[in-house]
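Two complexes, one shared chain (subunit A), two partners (subunit B, subunit C).
Our next item is the complex of A and B:
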């Protein structure tokens, strides 16, 4: 206890030197918590949005389907197996039929994916009820990015051209029934959603689908070898990998900042031991063992991180809380990255994140403080008492 | 009344009898346009919405399913080669020194923003193998008397379900073609001109393709030199020739 009291008194007595170290260390605290919180917030938002808009509780993929290989699309369709047809009927599985085609907005040619989905589905957040029509036109819904790139508005008609399963051209006018806002580019960019019955008729593929979206988790691949179940974890792996890669960059920035702060603490310790040799000698002369003196100096150094925690809390709590409530605006261009990212990100600061960061900084500071203090163990107390430099 | 019906029926049958058999005309068209093999140099002038650019090509084709094309101009495309065997197409790009394969729907994509797809550019299927022809009338096109022929596909795997041709009655060459979607929407129009006598057959040296759904003035395809039924070495139609 005496060591703690002495350490605190010495530390406060050092004045500006201590506070400079503390402030630098507190910046490290805030930046790592903010950066980690931001990535955590993005991770949650992206996964929630993807589940809500695209992947549901997982998906059955037709065996040939590979979203990254457009060559596979021509053969990626088959009839829904009997074992899954009841689930499709009661709406727990939503079939989607995907085919390639072209639209001609304002005389420009644009390749798109036509995605057929049931207007009555309730699994995905897509406004598919807008795909209901009186049969006089083919309704379509598109995302805001698609609407922006094609300059299409609600109520516009656009010519769509496609080839059926035999490769024969066909064309029709489709009507944009709704333009929806989503943070998930993979249900927006280059895609036109149509009623599945229309797409089946267009492609001459009655009763067929490319994927089946489940309403909740817990499905598994059935005996049918034509349909393979992909769970949420598998479907979210890409976004997880992106966030992991971003986290690595965050850790790197944090490590640099922490290293700078630790360098300051290390320098302070070296300087203290160099300048306070008489004091060290006095401690030993008064009966303290060398180990106790080393302990005192280590505690003194480590206390920088305790003070830094308090300082960081003083200005960090209001600052980070404000950001968690108001969010951080992301430039519009971020949509072009092709990954799920909201226009505003809300950082999430978990207790584990905060306590974890405090503990890590405390341990690192203690090690950095102990390192130069070991020299005290090699000092001759009489020489130290005389103030001779050793 | 009976006399009137009889007169009308006679009139119609006489008119119908004057129209030639569509299949015979298609045969004659195929004789002019199709060949066992051919080698030709051509220019493709692509008129976009804002710009026009030209591509020069040299092509070797054998039968319906083998074709090899080399880009000669512009400089940035020089050395690009395309090989089509059956339903597969390989493209070699000298800038990347890589061969990529194109199949399925990609074959139907436009070649460098033109109004032609890779399929259009590299296929040479006989009309008689794909369509039933019916002569529906006659019309003058560019000063030439033409039969109007309605083509309806009898094979399922075909790009255009229906076509309409205006065929020169003397030279048996279509001077105008219209391609329709199954719904009846006009998708593509071609105008064929500069018809010349080459090796005993009539052949159009200028073809203008126009995608009717797209803005722009279409794509001009100019045959600069063409040779029919000349020997072509087998290695030309191999993947090894792409990198040569």
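Our next item is the complex of A and C:
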């Protein structure tokens, strides 16, 4: 207890020097928490957007469907099994028929995925109602990234070419009925959404689908089924891995910041021990053991981070709360990131994140403070009193 | 004067390693001090005054011979035991005061009592008493940087005396002070010596100090050259 009291007295007595360190430490506290909160917020928002736009409550995949192998697409379709047909009828499962094809916007050629979906579906956030037509044209909807890369505008007609189930090429004009904004690149880049009836007709695959998107979780794969259920978790693994990889950069920045903050403490300690030799000698002369002096210096160093926690809380809580509510505008195009990223991110600060950071910083400062202080333990008090230590 | 012996030094030698050899700073010292003495170790620079004082203060240990302070043999004390002895029975006064710069005068004087774990109200009284002895009750809240040299040394005396130690060891306490201040603090110490029966041992070559001590121990080349007691009234 005495050591804490003395350490606090010494720190507060040292004034500006202490507060400089404390402020540097508190900055890194805030930046560390802010950075991690941003990543966590991004992670959460990316997953939510994926669920809203693409995954739904999970998906049934036709057994041979492999999203990473477009060449299998020709074989990855089946009719909807009897056990699921009711759910499809009442809209809790939304069938999507996927096929490969090419469009020719402005004379250029671009290979795309045609995705047939019911205009009435309510499971995904896609504006599929725009896929309703009077039957005089084939309506299509595309995302804004796709629109930008193809330079297509709403109302434009573009030639679409595909191979039907027999491998025969066929072509038609489709009309861009709507361009939508989404943060999820996988429902935007290279994707052309059409009414499922049109795609079935084009492919000569009446009543068939490649995947069935569920409106909520809790489906299971039936035995001996051609359809395999992938739950949300499985479908989000990729994004989880990407975010993990991105977090690595975050951790790196985190570590660098932490190291800088620790360097400040370490520096102060080394300098302290050098500058305060006489003081150390005096402590011993007045009846402290060298061990107690080591303890005092360690606590003094570690207490920087306790003070920093308080200071960081004082200006950090309002600041971070403000950002969590207002969100942070991201100047980067989401498609450059390959995963969903909104123009505005809302950081999420969990209790684990905050207490975890505080504890880690506290432990590290204690170690960093103890390390140079050990020297005091080997010091001769008479040398210290003369101020002669190198 | 009391006959009770509180420091006994016999055949004390202190060697310091220097390069590949060693330097003998104390070369066979035999001395004893009784309770209540006001003694000076006098000698030229390098004669071993500080070294001897450090050993008596348990900050250093003898290379040969023995030094028994208040019944404890300095060479055999554990770190903890010697710290305890300094904490409760020994006071130090340094040439450069060695006050804690970030503490107020009050906190400086309070420090030894904090180490002893004395409770707050009692502590306060003791600190005020000690500051009264040295005539500094009006500077309680000042920081050392705001004090003159004489005032600083008086704070240091208060800090050494606040716990009423058996022995105060003062290494060149007047070396940084002018004549008036030197006399002032010497008179203060003399008064405390008389009133509290505290033993004072000085290391000095200051004529002013020599004028006050009642025993002059002349050191030369690590040996006691002369040891004379002066009866004063």
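Things to note:
Heads up, the rule we're going with is that the second predicted complex is superposed on the first by the 332 of 390 C-alpha atoms of A that agree within 3 Å, B and C clash if a C-alpha of one lies under 4 Å from a C-alpha of the other, contacts with A are read in each partner's own complex, and residues count from 1 in each chain.
Basically, a contact is a pair of C-beta atoms (placed from the backbone, for glycine too) under 8 Å apart; a residue touches a chain by one contact, two chains touch by 3 or more.
The model shown is predicted, which means the values in this text are computed figures rather than measured ones.
Of the two partner chains placed around the shared chain by superposition, neither subunit B nor subunit C is touched by A:218. Using the contact criterion defined above for the overlaid structures, shared-chain residue A:14 touches subunit C, although it does not reach subunit B.
In the superposed model, A:159 makes contact with subunit B only, not with subunit C.
After overlaying the two complexes on the shared chain, residue contacts for A:135 are found with neither subunit B nor subunit C.
Contacts of A:284 after superposition: subunit C is touched, whereas subunit B is not reached.
In the superposed model, A:168 makes contact with subunit B only, not with subunit C.
When the shared chain is aligned, no partner comes close enough to touch A:206: not subunit B, not subunit C. Residue overlap on subunit A between its contacts with subunit B in one complex and with subunit C in the other: absent.
Partner subunit A is touched in their complex by these residues of subunit C: 54, 57, 59-60, 79-80, 83-84, 86-88, 90, 92, 94, 96, 98, 100-103, 107, 111-112, 114-117, 159.
By the touch rule above, subunit A contacts subunit C in their complex via residues 2, 5-6, 9-10, 12-15, 278-279, 281-282, 284-292, 380-382, 385.
If you check the complex, the residues on subunit B that touch subunit A are 49, 103-106, 108-110, 153, 156-161, 179, 181-183, 185, 187, 211, 213-216. Of all residues in subunit A, those touching subunit B in their complex are 70-71, 73-74, 100, 104, 106-109, 111, 159, 161, 163-164, 166-172.
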